[in-house]
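You will see subunit A twice below: alongside subunit B first, and alongside subunit C after that.
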Partner chain A sequence: MGLKLLLADDETEYVDTLAERLELRGYEVKVVHDGTSALTSVENDMPDVAVLDLFMPGLPGTKVLAELNRRHPGLPVVLITGQTGENACGDGPAQQAFACLTKPVDFSDFIRIVSDAAQSRAGAGEEESSHG
Partner chain B sequence: MDRSECSSRLLASAMHELRNALAVIRECVGLASDVARLQARGGEAARNIPKGMTARTVQDLDEVQRQVSRASEIADAVDFLGEASTSAGRSAQCDLARVASVFCVLARRRARAFHMELLAEASNEPVWCARDAMDVLLDLLAVFDICASAGGDVQVCFKAQRRKEGPGLLVSLGAGGETKEMVVSALAGSGSLMPDQGGWASRLVPWVSGDTKHFWLSLGAGQTA
Partner chain C sequence: MLDALVNGFKRLWEVSDDVSPQRYRALGRLLSSLMIVVSVAPLLVLSWINYNQYQASMAREIEVPLRDVVQRTRTALEVLLGERLSTVSLISEAYSFDKLASDGDLAKIFHAMRGEFDGFVDLGLINEEGRQVAYVGPYELKNVDYSDQTWWREVQVHRKVVSDILSGARGTPHLVLAVGHLGEGGRSWVLKATIETRQLDRLLATVGQSGETDIFLVNREGILQTASANFGALFKKCPLELPQASWNITAGRVSAPNGARFAAAYASVPDTNLMLVAVKPEAEFMRPLSALQTDILLVLATGVVLIFVMTVVPMKLLMKRLQASDERRVAVFAQMEHTQKLSSIGRLAAGVAHEVNNPLAIINEKSGLAMDYLNAAGDFPRKERIVALIGSIGQAVDRARGITHRLLGFSRRMEANMQQMQLAEVIEETMSFVERDAQRRGVELAASLDRGLPEVTSDRGQLQQVFLNLVGNAVQATAEGGRVEVTLKGLDGDFAEVSVADTGCGMSREVVSHIFEPFYTTKKENGHGLGLFITYGIVRRLGGEIAVESEEGKGTTFRVAIPYVKPEKQA
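On to the complex of A and B.
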């Protein structure tokens, strides 16, 4: 089985189709459509990488990101947004993410960034082990 | 909030919505392409295509058509906004039904962030109002902000109408969540908060006394200058 991903986005058609494409390539994908479900999902089944929409109804991606950073600082988070301009990924909490991508995301770029994010976690884990 | 800020906010919301439509199109076409490639490869690759995936690609192509319509609707609304911004302050009148419809398309994405659904009820004929379209968009965004700041989570429907005192918009609250009563209270107390533009004072009042679901956004009367 490939990497385990959590995808959280309220644009259901988008995220469901993205998940199917990833599953065809051997990824294990869990899809949720709001921020609160994203937090619950991580607690129940820790992914290798969490991919969050920046502007979900209710609990937005930035708040989910902050909470995940607090609870699971080693979990890499990739943000996706349909918003552009300075307020999208430019500053603030989004800076805590591994990467912030603007929709529509090129699929091969997405795969590359998610793989890099997972490797960054693996690398951090090895470093911790060697120091421990 | 001035016309420029109103225009910027609506444009940002519309572009966000457009990017979402493009993202759906890209993934639907990508999935159809993935399946077609596996089928073309034949052998084990073709046999390993999950059951039902071929039917799914047909659905995806239908979804692409829906998303193209969605994107086209956004493009039309942005065109309208561009024209309204350019002619702001110089336009003598606008069709309130059209402005309400355009507003709902432009603000749709922003509304979703607050669990709000915006609807514009179709009108059989134009409801002309001696106001600039940009100013009416400004009023509608002010109504939206009142609802959102009170917690949102409500369906808001706009219907252009002409009453004896002039044209305006009937603002109806539909299904809502726990914050609906707060939205009602906020709208009920907002009459004097509506901006005064170019000598016209827009007012939001209960449709009839004691009615908590319907409000009247008065646009054609109450000239202050």
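On to the complex of A and C.
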């Protein structure tokens, strides 16, 4: 199944390569390089999972996450950061994310987590639709 | 000299990190000596002035009565001698030679004289050859020749003469009063009366009587004319060097050849060759002064000793405290510097790790993509080799990721993972992980844990990491047969202390000073040099302290102080 992903990261080399690998595996990937574009992209074309870099020009990942949570509570968000540690994304809004991954991300882990995130949405999606 | 002192002061007062005992000893010595000099010098000057003033006033006080005695005695002497000389003179004027030469008349006159004045012994008439032609008195002196006597020669010149004290032909001390007379027809004669010296002695004794004062007469040659209490009997040579006396009374100090000193007042007796001298031994009147001197010396000595003790002892204490506080200050500064340095290094390391992670992610994805394409592509020459190469890139990335992740562990933000726990339990749990390794290495692992301590609110996982790291290091540093002991005890205040002591190889000071820095390792092969760096970061974040003592060849002890409750302020 071709999951629809939004990748938002200002490291173009990184995010473009990651997108190419995902596309090779049949994902439908939309790449943006800043937070504002990420929000616009979601409005225009709702993805199954949004993958956000924590630090981006314009809106940082946490702000985007908060905004997305407000507008589309059902949309699962995965954060990626150059920070490390069990709590690399910090407390607060990041807690709302489905997962927080640290660079460099192991590709197979990435695939697994994105799939899980999409599934979580599928589970909650019915709920969301029933609420209208 | 002054410059040297000022320089010494400047050097010592400079706030210096030199906390060597010599510096404080030198400072203490300088301050002590300064205080002692400043206190003792005025004391000495004051005592000296006091003593001299007192001496001067003593001297004045002694001179006044001496002058007075000389004055009074001389007046009395002048009266005594003057009256008698006038009497003799009157007789010589009133009677003719023939009248006086008649023994009967002379006796009558003598009798009348004696009735008027005490002390006349005899009366004689001497012709111009010096022969006594008439005589009244107790001795047989008629026809005695006086022409060789000093007074005889003097009377030819001065007419009225009072002689020195003589013993003369009779062997009894006496004084001759002689009056020359130039009679009518060129015939000259001399009337001579004798006074016994008892008169003089009595006069000196009564008028001059005053305490220890010694009053006596000397002639021009310095021969005593009356007995002196200090210088001997009549006719002895007076040993005092007295300058020529004048009518004015002179007062001053004189010394005898034997070294005895006297206060003296002296003056000449008019119309005679006599000098009246009053002396008082210095020892007599200086007795109060020497008592004062003793008192002053006693007070001075006591004062100096007290000043010395009260300066040196408190100064020593002061210096000790100063040194202790300086040492504390230096230690605190060193500690602060160390902490600052490590936290800077930590921030730098985290920054670097973060920056490295992004290109590392790119390498990771690029190599992954390359592998994706390789897998999709058909066989081509050396495909296997290229797959292996790209695989190696992935492994290298993993390795680098491990390093950056550990580096970031130092400054990783605090997790809200605080819980209450018994430190003893955490330590035991941690030690169980290391036990097997310790057994394999033949190292004894011992614990001495105070289980009565209050519970600690901290991060259990991170504390475990700290203990595991420290105990693991200790076991590795200890040779077979050695011992690692973990101790838990309460410290004063709000801290519990966990110490890990080993009997291993120990570390040099150089190693100890770098031990908490990242990538500093002494384990050549299997150490990444981040263990203690991260341990340090964790302990600081938990609000604790970590310190190490080590002696090469003896062993190392790490001490970790853990607060029972983490302070609000972020370390």
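In the analysis below, the second predicted complex is superposed on the first by the 119 of 132 C-alpha atoms of A that agree within 3 Å, B and C clash if a C-alpha of one lies under 4 Å from a C-alpha of the other, contacts with A are read in each partner's own complex, and residues count from 1 in each chain.
Note that in this section contacts are C-beta pairs under 8 Å (C-beta built on N, C-alpha and C of every residue); 3 or more make two chains touch, one makes a residue touch a chain.
Predicted model, so just to flag it, every value in this text is computed and none were measured.
Visitor: Let me test your reading of the model: by the given contact rule, A:Phe107 touches which partner, first (subunit B), second (subunit C), both or neither?
Guide: A:Phe107 contacts both subunit B and subunit C.
Visitor: First (subunit B), second (subunit C), both or neither: which does A:Thr40 touch?
Guide: A:Thr40: touches no partner chain.
Visitor: Mind working out whether A:Gln95 is in touch with subunit B, subunit C, both or neither, as first, second, both or neither?
Guide: Neither partner.
Visitor: Per the definitions at the top, what is the overlap between the subunit A residues touching subunit B and those touching subunit C?
Guide: 11, 13-14, 17-18, 20-21, 24, 82-85, 102-105, 107
Visitor: Quick one: in the complex, what on subunit B touches subunit A?
Guide: 12, 15-20, 22-28, 30-31, 34-35, 38, 50, 53, 56, 60, 63, 67, 109, 112-115
Visitor: Touching subunit B in the complex: which residues of subunit A?
Guide: 10-11, 13-14, 17-18, 20-21, 23-24, 55-58, 60, 81-85, 102-105, 107
Visitor: Which bits of subunit A are touching subunit C when the two form their complex?
Guide: On the subunit A side, the touching residues are 11, 13-14, 17-18, 20-21, 24, 82-88, 90-91, 102-105, 107.
Visitor: Spell out the residues on subunit C that touch subunit A in their complex, using ranges where they run on.
Guide: Listed in rising order, the residues are 353-355, 357-358, 360-366, 368-369, 372, 376, 397, 401, 404-405, 408-409, 412-413, 415-416.
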